[in-house]
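Which chain is which? They are A, B, C, D and E, in the order written, and residues in each are numbered from 1.
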Amino acid sequence: MDALLLPLIVFCPLLAAGILFVSAGRMPARASCMIGAGSVGLSALLAGRLAASFLAAPLPAGTLHMALWSWMRVEGFSTRIAFALDPLSLVMMLVVTGVGFLILLYACGYMHDDPDIARFFGCMTLFVAAMLVLVFSSDLLSLYIGWEGVGICSYLLIGFWHTDTANVVAARKAFIVTRIGDAAMLCGLLLLATQASTLDIAALLHIVATGPAQLLPATAAFLLLGGAAAKSAQVPLQTWLPDAMAGPTPVSALIHAATMVTAGVYLIARLHPLFMAVPVAMKAVALVGLITLLLAAGSALVQTDIKRILAYSTMSQIGYMFLALGSGAWQAAIFHLVTHAFFKALLFMAAGAVILRVHHRQDIYQMGGLAPAMPVVFSAFLAGAAALAGLPLLTAGFYSKEMILQGAWHANPLLWAGALLGAFATAIYIFRCVFIVFLGTRHTEPTGRTGATMAIPLACLAILALAGGWMEMPDTIAPVHLLSHLLSPLFGTATAEGPSWLLWAGSLVPLAGVGVAWLLWRPRTQARTAPEDAIARLARTGWGFDTLYDTLLVRPFITLGRLNQSDLCDRLSDATAATTRAGSRMLSRMQSGQVRRYAGWIAAGTVVALCLGIRP
Amino acid sequence: MIALPALILLPATGGLTAWLSDRGRQASSLSWWVAITTILLQALLLLFITCTAEWGHGPWLAHFSTPWIPALGIAARMDMDGLSLVMLWLTTLLSFPCVILSARDVGEQPGLFHLLLLATIAGINGVFLATDLFLFFFFWELMLVPMYVLILQWGHEDRRRAAIKFFLFTQGSGLLMLVAILGLVILHQHATGIVTFDYFVLADTPLMPTTAMVLMLGFFVAFAVKLPVVPLHVWLPDTHTQAPTAGSVLLAGILLKTGGYGLIRFVALLFPEAAARFAPVALALGVAGILYGAWLSLAQDDMKRLIAYSSVSHLGFVLLGIFSGSPMGMRGAVVQMVAHGLSTGALFVIAGSLQDRLHTRDMRRMGGLWQALPHLSSVGLFFAIASLGLPGMGNFVGEFLTLLATWRVSPPMAILGTAGLVLSAVYSLTMVGRAFLGPPHAGQGTIHTPPPADFGPRQMTVLSLTMALLLLLGTYPQPVLDLSLPAPAHATPQPEGLHP
Amino acid sequence: MSDLPFILFSLVAACAAIMVVTRAVPVHALLYLVVLLLSLAGIFQALGAPFAAMLEIIIYAGAVMVLFVFVVMMLNLGRTDRDRERHWMAPGIWIGPAILSCLLLAALCITLRALPPAAGPDTLVSIGPQAVGIMLYGPYVLSVELASFLLLAGLVSAFHIGRNIRGTVTGEA
Amino acid sequence: MSTPSPTEALLLASILFATGLLGVLARRNLLLMLMSIEIMLNAAALAFIAAGARWHAAQGQVMFLMILSLAAAEAAVGLAIILRLHAAGRPTLDADTGNRLKG
Amino acid sequence: MTTLLSGLPPSLPILSGGIALLLLCIAWRRSEGRAIVIALATLLLAFASLWWPLLPWPGDPMGMLFVPDGWFTYIAALILLSSTATMIMAWRETGTSSDEFYLLLLLGTLGALVMAGSADMVIFFLGLETLSLSLLGLIAWRRTHPTADEAAIKYLILAGLSSAILLFGLALSHADSGSLRFAAPSLEGPEGPALPLAATALVLTGLFFKLSAVPFHTWLPDVMEGAPTPVASFIAVTSKIALFAALARYFAGADLLRPDAAGTELAIVALLSMFGGNLLALGQNNLKRLLAGSSIAHVGYLLLALLSPGPFGLASAAIYLAAYAAATSGAFAALGGASVPADIAGWRGMFRHRPALAFAMAIMLISLAGIPPAIGFFAKTYIVIAGVSARRIVLLVALVASSIIGLYYYLNVVRAMMEPAPEEHRAARGTPANAGLIAILAIVTVLAGLFPETLVRQTHSLLRPAPIMREASLRPAAPHDILYRE
């Protein structure tokens, strides 16, 4: 019975997507909203029901299996569309359906006057379905369906307002960059499938555990890391995420903050025995995370677009998760994934509410002093910002970040130091944003009001962003370990906690960050323009990765392609044709009409034949 | 089973009927109705064949044989295995969009148009069934002529060049194949004293490795031109671009598949050793095709040209699969062919419709069509996504299996092939972005030019069914996979009634 | 080895042939052609073919050449034609044909040089009209019949072509 | 008494043949081309006579007769055509100019 | 009389009688209708007589002047049928008072028949020249036509030149062997190979000229353009068939697979003809010249068949000749029936104005191009079989490459016919007889292409011993066996 719920949870949003696409805009906007949000809500309910029964009576194996059908079965390889529910996917399922439902609810308000709302909800529900497939799949290839499915939904939604070329280009870029990672991941899958003849995760991990000699886990792990890094916008494939903010804000909240971008984290966590078998890969994961979190935090410091700040922040936070993964702190990564889903979705939605009210302006320097005009939004944003900054005790972000710092310390103190630096920067940039947008002098007069459909999800998420962290606390504060307990069948018990000064450091650094931000951008002193020195410009453009790729890869590729537009091989066939025509002209010239010439040809032929005869 | 030749005669007769029904009366849609009835009957016939096939009696499902030119050991012999069946179904299914969508509004001489269309289909059916090498070659050539005329008569501005290029390339390479076929026949005669064109008998010809390689190359070139394989692809972009929509669909959807079919049946199975030795080169060619096609596809401004180059890229996977030397690769190649037939066929329908509406294929003069043509654009988007190999669509299954099979042979080739997937995303989305999305192009939708008509229910129904098929193939490809392994050339079937 | 008349006739024949192809006035050429034919008749006689020699004189030098003479007279050629003919015989024109002819001659000479004398008696035997007649009306009677058809074909062709030449001219004028 | 050898006669035939060929190739006047062809035919006739002499056979002379009839017929037809050309289009009988059939 | 007729196929006396009858008729009262009736009746009677029994040859078989074997019967059938086709084409086509036209056609046919069956130089030579002189009359037929004289004089000069070369070669051959047998002289004679090789080279020049193989082909396009359409067809079909038959007979005893000079020359000429003919046709706008180029190329293909002795060689050549004859005759008949200028532009829009005619023309061109379902496809396949069997790799490659060129211009005509015409043509129809001829030839071309079995079996039974059977032995049958009846 419970197993049947798994496909049902996926099916609800899928069906809704189907209905919405087929209706093709002939339904009233309200109906689209209801179907879209309602289906995900239903999924969330079912997920809750499933979670309840799962938690109440864990199966002997700790996993709920549901093989749907055999997908491909050929000589030497077979794969099934199969779902499985274990603690990890349980957590993900709850995040996806729960946060997803809230965001869709919010979107009902946010998008209510868009003429293409049916398409919007169609894509959104399709995304949720794909994400659930990704989460549930117990076979890497069916996981890949979800993996690419969320990618294409992301493409569709980033380019949702398609009349603007910039949006279309951003969407394309997002898809292509992630596709590069996907290709790497596919290579990894090919490698694994070749070695193991199956892509069933359990079977694969079993093989990894028993016979590492015949596998090439290092290569596979790196290839999969490539996929994960692209999907999760990690260095060096991170460039798409800031541009992806071109989509509607609920999209940014759902896809580019809460769920899809964390798929990489999920993948690595899901395959952690594979990575654990390859220490180099672990180091690489951690390093990727660290670099990303620092670079992205640096970029976020100087952005002027509120959504880009949040985008870089997302990259940075996922960098934390990667850091945790690389440090072997699996629970911490997942914990941060959950809390990040809460507070980042919240921040995006709050930002979206702000943007709606200030006539779709996104430049923070054109806002300012909005707190009195929109107290609800302000408080929600503040809650999210606090969680993001990891203000101690009160916020969910604090606990998850603390856990990561602990893990990093155990892995390598250098990682810890970097992470701490990142935390400091995080606090600065997000409170820079808070101070500039909500305090000080007002530059744009907000209009309208934030409706209930938007406010309620904001409130819910604000609560979650604050209180969501209490499910897992350091022993120093309170011995609550709900999450790691839940995940322990997968990841084993968490490592012991480090010295308590780590905790202090982790608590004080964000506070210091907030302080610095206050000094720099408090209402009186705040500069009204972004810093313009070279480093700032570099940081604002994402440290020049875009330019680099553009000059090294994209431009030469396209230029050469343009040069060869008419296909060199075609010239070859044209040359043959020209030769033939030349031969034809030659023979026509032979046909001069003069009988003496003709006789000459005959005589010449005869003489040649005679000579052939003489000297055979 | 008499139904096999019926599968060839039915479209031929139907075509003639359509032609005759059109005599004298202009602008009558009678011939269209005849054509649609014919392909419906063909579908029913194929269904009948599928149901009455000898399932469970070995890989060959149906047989037909009757002497044709006994003096030269030529028989009208047809045998059907799973591979043939899959290809026949693809042909039958794709002829529906051809006839329903693109042939409906053909301007002049609709009767002749339908005759040629159905004649081509008859020839293709013959190619997929013939197991006598002479008969095979006969059909192979026969399907070109009506296609040539189709392009010539109903093509676009540069049709003369395109049509003749198409014909010269395919026919010329066909002659090489003819020489190879006859070489095989003669060698068999030298070895056994028997002149025969029978596929199963010739498969047992003892051959020197070098000879086998030369003969195999003769076959390979013909099929490589048809498939097409870089650098023999140059006819394809021109032809696809200039052909009328139905022609493009037929070309891309089915005609190219005869190349893949031939590679499987007459290269990989007839000369297994030589094919195995040639495999590294073929794999390299396949990868070159994938990358080169994708690269040039990206550089095109002409929408049909873009799709044509994307075909080159997609069919590189077929080559990879066939020459990976494993059943898995073959199955993957077949799935890829079917999926490519559906998706690219549909894309050509869309490109053709766009040309009908906008009178241009130049994407520089398109843009923002979604607002004017939401249905058309969304369908176009769907098939573009399918063609970039999204899991869950048929193309992915094909590409994955071929790549997996290739990886076993040569991981670097597989990696390069995977890179093609990235490029396919690039050109597909570029096409979507330039044509359908973005701001509307200045030239269209103004007061002077009325907005073009969107797809109506007829088009949407057919294309939706195509989409459904593609999704079905992507999520449940097992029936095709099971069928698609070609029957070995040595398992000689017992033709009914001919030999005791 | 050879006898004097043969050498003499040969020299005359070769010279006459060269004169034929180099004359600017057709009548001169024609006369040299007659000389050539007469000397050939002598050679035939020397080779032991008296019947052929007679026919050569009677039919060839007699009948056929007269035909040529008639035609040349009908053409009514004059001084301008001779000058034009001279003009056409510029040295440049001769180079190519001369090379080709010399090559041909050289090739034939090389071939013939290797030819040994025939089997049998070394002396020539005269083959008179009787032997030829027996051969012609014995095994080759078919060829006589066919030759009549050949002449018929020539006759009909010449008749058709030659008919109404004046009419054609006036018709065109 | 020494007799002429057929080989020498063949040699003479070759010389005449080459000379005739020279005439056909070099002369622009159709009439002279025709005469040159007559020379070549005579060369062939001489070759047959010589061959016949070599083998002491009458066949050579039979063939000579046939060549004779051909030469007569051909001369008749050829001269008729020349007359017509002269009357209709080409009074100069130049073979190089005035050709409409070419290319 | 008995000696005259013994060993002679009855078709020759019948033709001779027909000619005499026609002469009498002309002498009595001119009537074109009567002339064509007599001529057609003669041809058909001769055709029927091909299956009548022969009077036995009394003497030594080596002394036969004429060999009425299966090869002759086959070729004679083709010649008579194609002459019939020419007659029908010519009916009411050639202008006023054309009863001599049929007389000349009959004479030419007689010459062709003689040539095809002759085993003796004298006979061969007479046949050749009879054909040649009748052709001369036919070419110059249209007195008012501006180019008729030019074509005729070109043919006259060049044919005279080639005849002289051929005769000289025959004389050398006679000098070498002492016999007048029409066959390639043996190289193993006491005289060494020099003289036979020189003789063969000269004889080949004569034959190649009439066959119009490259580089001896230059006259053909000019002459065909200048000649009336039926005559062009006669040149391209009847005369070439006879010449090819003679060529095959000339080399019947020689081993062409040996790489000696004759084989080499044949191979080079075949190669040059394939490419030369097709390239020449490629640049033509005049359909007659185009067909001339095409016929030159087909000579190349036929030479490939000749160069591939063995079980398939001669049979493939025979079938190819039939296919070529049908398609080329058909094309010329269509050309004559169209009553438009013979350039490609004149044929534009034919599919609109004269669809049936255009369709027939397309079938002919497709057959010439070697595309199924026309017989040309099967015939070309058969030639390739022969070539592969004899391992003529270079020539096969040339065949493939030049065929591709060929496809281009054949289809170019088809394309032109499909294009819309600039203005309405005046729809001058051909005679019903011509239309019937075109229809029959088109049907034959397609039907024979679909069911070539009958043709193959006929060919094989005529070219006994059957060169190919299912259980054919490995030993390639010597061409000698095929040509001469035991």
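The working rule: a residue touches a chain if its C-beta (ideal position, glycine included) is under 8 Å from a C-beta of that chain, and two chains touch if they have at least 3 such contacts.
If you want to know which protein each chain is, UniProt gives these names: A = NADH-quinone oxidoreductase subunit L; C = NADH-quinone oxidoreductase subunit J; D = NADH-quinone oxidoreductase subunit K; E = NADH-quinone oxidoreductase subunit N.
Note that the coordinates shown come from a computational prediction; the quantities given were computed from them, not determined experimentally.
Considering the contact criterion stated above, the chains in touch with chain C and with chain D alike are A, E.
The chains in contact with chain A as well as with chain B are E. In terms of Cα centroid distance from the overall Cα mean, chain B ranks first.
Chain pair with the highest count of contacting C-beta pairs: C-D.
Among the other chains, A has the CA centre that is most remote from the centre of chain C. The geometric centre of chain B is 42 Å away from that of chain E, both derived from CA atoms.
Chain geometry summary: the mean Cα position of chain A and that of chain E are 77 Å apart.
In this assembly, the C-alpha centroid of chain B lies 69 Å from the C-alpha centroid of chain C. With centres set at the average Cα position, the gap from chain C to chain E is 31 Å.
Counting partner chains per residue, chain C has residues 96-97, 100-101, 104, 107-108, 110-112, 115, 118, 140, 143, 147, 150, 153-154, 157-158, 161, 168, 172 touching two or more of them.
The residues of chain E that reach two or more other chains are 122, 126, 129, 133, 136-137, 140, 143, 152-154, 157, 161, 165, 172, 175, 178, 194, 197-198, 221-222, 283-284, listed in rising order.
In chain B, no residue reaches two or more other chains under the touch definition. Which chains touch which is summed up as A-B, A-C, A-D, A-E, B-E, C-D, C-E, D-E.
Across the complex, chain C meets chain E through its residues 107-108, 110-112, 114-116, 118-119, 139-143, 145-147, 149-150, 152-154, 156-161, 164, 168, 171-172.
Across the complex, chain B is touched by residues 366, 371-373, 377, 381-382, 384-385, 388-389, 396, 399-401, 403-404, 407-408, 411-412, 414-415, 418, 451-453, 456-457, 460, 468-474 of chain E. Residue ranges of chain E in contact with chain D, taken from their complex: 121-122, 125-126, 129, 133, 136-137, 140, 143, 146-147, 149-154, 156-157, 160-161, 163-165, 167-168, 170-172, 174-175, 178-180, 221-223, 225-226, 283-284, 289. For chain C in complex with chain A, the touching residues are 96-97, 100-101, 103-104, 107-108, 110-111.
Interface of chain D with chain E (complex): residues 6, 10, 13, 17, 20-21, 24, 30, 33-34, 37, 40-41, 43-45, 47-48, 50-52, 54-55, 57, 59-60, 62-63, 66-67, 70, 73-74, 77-78, 81-82, 84-85, 88-89, 95, 98-103.
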